[in-house]
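Beneath this line is the structure, given in structure tokens, with notes to follow.
Read from first to last, the chains carry the letters A, B, C and D; within each, the first residue is number 1.
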Amino acid sequence: MRMVLEPSLDPMTYHYDHHIRVRFAETDAMGIVHHAAYLPYFEEARVAFLRAIDHPYPSVRAEGLEFTVLEAFARYVQPLRFDDVVRVHVGVGAVTRATFQLAYLLTVDGEVRATGVTVHGCVTTTGHAARLPAWLPEVAQLYGGGKE
Amino acid sequence: MRMVLEPSLDPMTYHYDHHIRVRFAETDAMGIVHHAAYLPYFEEARVAFLRAIDHPYPSVRAEGLEFTVLEAFARYVQPLRFDDVVRVHVGVGAVTRATFQLAYLLTVDGEVRATGVTVHGCVTTTGHAARLPAWLPEVAQLYGGGKE
Amino acid sequence: MRMVLEPSLDPMTYHYDHHIRVRFAETDAMGIVHHAAYLPYFEEARVAFLRAIDHPYPSVRAEGLEFTVLEAFARYVQPLRFDDVVRVHVGVGAVTRATFQLAYLLTVDGEVRATGVTVHGCVTTTGHAARLPAWLPEVAQLYGGGKE
Amino acid sequence: MRMVLEPSLDPMTYHYDHHIRVRFAETDAMGIVHHAAYLPYFEEARVAFLRAIDHPYPSVRAEGLEFTVLEAFARYVQPLRFDDVVRVHVGVGAVTRATFQLAYLLTVDGEVRATGVTVHGCVTTTGHAARLPAWLPEVAQLYGGGKE
């Protein structure tokens, strides 16, 4: 397990967040959001984050790079329900030459619902390992949210 | 709407069927399978059907062809529930030079749960319209299940 | 098939639309949005539509009603791609005592990408058929988008 | 993080496995299975596992219990592709009075593709914490697969 980032439970320690409204399709027969649906929430939030910091993912791909997912983790604290508006806080950390980690904190009306971490590698679109773009370590300085 | 096939409600009129067990992830907060989850069931069944008739979809793709989905329709008769073993009956019809249609009948323990139709076009992997493979009209002769 | 509504291809004939940005998770190995992912788009748009007309779906459920999906149809005109911002236009029509139909037109930058129709029944939360709420026929007068 | 189980990479250390064939709907625009699709694979495998050991999940629910997911983790070693037949090995460990953990090893033709861990709590169907069924610690004795 390469995962070392521990998401902060305090929304104030994050400098970016993205809102997602829960779809009915994402609920399950327990009446709550199915646990697998959180990973696309993390993904939507990190794509929005990259756009917000002027490195939109389509431009990353246009430069011949992909940020593959090496590991993903979610901790389910309180359930999410249909039509909840979820605030997904995103932080960056644990940057190495070839990998970086994102921390996620999901809240509804300020209450913690879940946390998550994803570990990403950088590969060329032909699948070879590549160095991270130079802007990534800088971004990690600016956007906290997790302890290593 | 190009769709002209009407799926028979009689399992006996189909000559192929494929079993799928409902995943918990496919249910929704109404306690039943979400209506969008039926389209992947149709898809899994048609991929299994192509394999069964010795034209597996990966070999179709290897020949430089894709069967794109032009239209999809589902009628929900009785709900499906978690852990149901669904029998997806597949029929073929309405073959033209560039399109064909598949009919689906979903049953559980012999009871009708849903029907569906998909209309497919044939394109090259670079996206240009292509003629259907020569075996498709023959297959439509052998595998009924729908009235046009 | 109860479906009788035919979605207009002219965005101007609709009086409501909702924006959805395509998630990477919704794409498939053909590089485009998987055809099954359109049904949750329709659903998100109709939930947003109900909210916009002051009849949010959670309040429908709170009144003991569910709008079940009886039939769903999608026609795929041009593909959707990752990060596309899709405008989902919604219209209402074909209202009977127990059912109604919604028409969908999906555009990106004004270009038609897909259309869809869903047919809905009204049931009590215990599963019995129920009359439509009195506001539904009125809404159908105001929100066009489809020809019957 | 409650997760302590580390999945073994050796298929021989597991005593149960379940086959899943990759659906086209589960792939993404990178041409491989989307990382979120692995969680439903884990779920399908654990439901099949419970059935195999004569404690099918519907009977767990019939006894008034739910095994909620408290944490989920996946590590992506090599990609899965459309039509791959994936062998999902399942092991049990880290049983406490109220929680247990499952380890997953995914292989294709004997090659490791991914590992995973899920941490489960036991609650009543009304949402209160409950003791694990008496058979769970015994099952953990019999089904290995992970180191704590």
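To be clear about the criterion, contacts are C-beta pairs under 8 Å (C-beta built on N, C-alpha and C of every residue); 3 or more make two chains touch, one makes a residue touch a chain.
From a predicted model like this one, the values you see are computed outputs, not experimental measurements.
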| item | value |
| --- | --- |
| Chain whose Cα centroid lies at the greatest distance from that of chain D | C |
| Contact-richer chain pair (by C-beta pairs counted) among A-D and A-B | A-D |
| Rounded Å distance, chain A centre to chain D centre (Cα mean) | 23 |
| Where chain A and chain B are represented by their mean Cα positions, the distance between them in whole Å | 36 |
| Shared interface positions of chain C, touching two or more other chains | 24-25, 36, 39-40, 43, 82 |
| Parts of chain B lying in touch with chain D, wherever the complex brings them together | 21, 23-25, 39-40, 43-44, 47, 56-58, 82-83 |
| List of chain C residues in touch with chain D within their complex | 24-25, 27-29, 31-32, 34, 36, 81-82 |
| Sites on chain D touched by chain A in the complex | 1, 3, 6, 30, 35-37, 39-40, 43, 66, 68-76 |
